[in-house]
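Each structure below appears as structure tokens.
Each of the two complexes below includes subunit A, the first together with subunit B, the second together with subunit C.
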Partner chain A sequence: MNLQQIIDALNLTILTEKKDFSLIEPASGYTSDLLSCVMAGAAKQGIWVTLQSHGNIVAVAALLDLCAIIITEDAKPDAATISKANEEGIIMLATSEKSFSVCGQLWSLGLRGG
Partner chain B sequence: MKRFRAELHLHTVHSACAEVEMIPPLIVQRAMDDGINLIAVTDHNATANIAAVQKAALGYDLTVLPGMEVQTREDVHCLCLFDTLEQAAAWQAVVDAHLPNLVNRPDFFGEQYVVDETGDFIRSETRLLAISTNISLDDACRQVTELGGLFIPAHVNRTTNGLLPILGFVPQGIPIAALEISLHITPDQALSQFPQIAGYPLIQNGDVHMLDSMLGANEFFLEDVSIAEIRQALKQENGRSHKILLT
Partner chain C sequence: MDEGTPRPLERVVTDRDAESITRVEELAYDLRIAEVMSRDAKFVVTDMKMGDVLELFRQLRISGSPVLDGDKLVGIVSMEDLIRCLRDDELDAPVSKYMTTTLITVRSTDSVIEALKLFVNTRVGRLPVVAEDGKLIGILTKGDITRGLLRALQQDYQTEEIRKYRASHLFEDIESDRTSLILRYNIKQGDFTRGGTASSHIKRALVRLGASPLIARRCGIAIYEAEMNLIIHTTNGGVIRVEIEPHQITIDVTDTGPGIKDIDEAMRPGYSTATEAIRELGFGAGMGLVNISRCVDQMKLESVFGQGTRLRMRMFLKPEDTFGEGPTSGKDTAHEPATNH
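Up next, the complex of A and B:
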């Protein structure tokens, strides 16, 4: 399953620059809002589901080489964070859905924890 | 230069989690007994008891700085310290506008009392205070600094409401004046567990919710007490200095 299929199935808003998301295959999923836990627990090339929208999420995703961040519950990263994500090549997606529901949908699509 | 022993993180009965003994005259008395001559009153998202503590301290060799422990959108606790009640009031207005309108449940969280300088009851705050405001840490830091205040993320090492567990590392590009470490860790231990804090001035406080946790662990040498003087001391500038006393 590629990232474009996930974006379509979950009706995600794309916050960062558009690219060919069908070429990106997320390896696994992870969720936490504690960035220290993410740094210790998220697997490379995974999708990270969080309601944290602070600028530090970009650095964490870049550090771990994550595939994409899905920001839930309408949390809005500021313009500087989005611009930093574009610089770092981090894909940020957004939804008004809650993290629980997003994880459930990703699981139904076949994604598993890393 | 004058020497100050400071406790810069102290709650009154306005904070639901503080003990009922945290009333102005007892706070002043304990500070005096412990040789502490500088305190900051830092209730959760609130400032209503600061003036009462300042009045209670009149006639004593004790300076009471206005402050607040704000809870940011990210769930991070940060100390905001000011020179004047007017600055604190301006910051309180911002916080009030960004605080979810929830009602306190005293049976669960505790009472939030506003008191006078003798500790007598004035009113009980019904709005739930100790929750996240919808202000990002970065915005809070910029706004407090623009108002002339010091912005110091609190107990940064603590898993609950501490900057480092929640945000992983210290955000860059914002005017963070210092980082507070909790009373359960020494500065050396903090630096070894969290190498990402190297280079930031560290302060240590008791996060005082009961009189017995007053530490007075900060030693300052200042010309007099002001935010500008403390700012210089944190940077060890112009003969001002600060260090953490091992308690």
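Up next, the complex of A and C:
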């Protein structure tokens, strides 16, 4: 399943630059709002579901080579965070849904933990 | 530009916009039209018959051409003009009768973004490119711009490859009994907006030096945690010092206080002294030091409460992971067999 299918299925808002998301195949999923737990638990090329939206999530995602961050519950990253994500090539997506529901949908699409 | 050129809409770039400008947009500002235009512009002359223009377009598979009178650019003739001419059944008429004389031109020294604005605002398919003296020197289509941008992006990519290649030879090219590269980063207390910058830079440096992705990732994670600790917990920030040797990476993180009261307690998973505000940002999980110990081969944490803390981490590189080929530089390590390639 590619990222475009996920974006369509979950009706996600794309916060960073548009690109051909159908070429990106997320390997796994992970959720936590504690950055050190993400550091310890998220696998490479994974999708990270969080309601954190400050600039540090980009650094975390970049260091872990994650492919995308889904920011839940309408949390809004600021412009500096978005431009930092573009710089680092991290895709940021947003939704008004809660993390629990996003994870449930990702799971039913076939995504598993790394 | 010639008279009659509609003024392109001025784009005011605010600081906020500037931050989100992509590399492609940046290139569109950097690249000059001369670098992307087609130089062998086909042209027709004013007294040429429209029937011959039709034939020329068909042969060359083009859909428009500048019109010259002597060496002066006087118009543009396009497929649309040809259609008007066919409708009037006047293929014997001269080009001058049907050409478009409202000239929209660009200068070869303009940046590509100016041409892009014109394409958007005027809907023309091609732009004649003129020199300072007004003489036609080329033609520009959107296709030329796309090709030019792709070429420039490819160059960007190659530059990064070359940078990586050069850096990875650093250790091979320099002869000494023990070569090391030292990187230093000063981290400010409370500087959350730059949090993770030093670790990202270090990770990138390691990749450029030829470190395996796994080693770069482990170092990145360990240094990130240490960097955030300096930002969150110190009185005056601190310093990260990374010493890269062909066979090992040594990371020293020092600060001047406040120091850790009980190191055993600090090492316990889940233990944190972070404030509620810090925890709300997702820090203070009490996992930082635990993560570090999982990522590095050796870790030593020393602290005197009231004075400061020193965290020393080490990664030993397996023979296949070593930087460069330095059998001589591996001799002082007691932990790993000397590399032999």
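Definition applied: the second predicted complex is superposed on the first by the 114 of 114 C-alpha atoms of A that agree within 3 Å, B and C clash if a C-alpha of one lies under 4 Å from a C-alpha of the other, contacts with A are read in each partner's own complex, and residues count from 1 in each chain.
One rule holds for everything that comes next: a contact is a pair of C-beta atoms (placed from the backbone, for glycine too) under 8 Å apart; a residue touches a chain by one contact, two chains touch by 3 or more.
Model, not experiment: these values are computed from the prediction.
With both complexes brought onto subunit A, simultaneous placement of subunit B and subunit C is prevented by a clash. When both complexes are overlaid on chain A, the residue A:4 reaches neither subunit B nor subunit C.
In the superposition on chain A, A:44 makes contact with subunit C only, while subunit B stays out of contact range. Judged by the touch definition given at the top, the superposed model places A:55 against both subunit B and subunit C.
Between subunit B and subunit C, more residues of subunit A are touched by C.
By the touch criterion defined above, A:34 lies against subunit B and subunit C together after alignment on the C-alpha atoms of chain A. The superposed model built on chain A shows that, among 57-65, 75-83, 93-101 or 219-227, the segment of subunit B colliding with subunit C is 75-83. Of the residues of subunit A, those at positions 33-37, 39, 52, 54-56, 59-60 touch subunit B in one of the two structures and subunit C in the other.
Residue ranges of subunit B in contact with subunit A, taken from their complex: 73-75, 136-138, 164-169, 171.
Those residues of subunit A whose C-beta lies close enough to touch subunit B in the complex are 33-39, 52-56, 59-60, 78. On the subunit C side of its complex with subunit A, the touching residues are 16, 19-20, 22, 192-193, 195-197, 199-200, 203, 213, 217, 220-221, 224-225, 228, 281-283, 285-288, 290-291, 294.
Residues of subunit A that touch subunit C in their complex: 17, 33-37, 39-40, 44, 50, 52, 54-60, 62-65, 79-80, 82-83, 86, 88.
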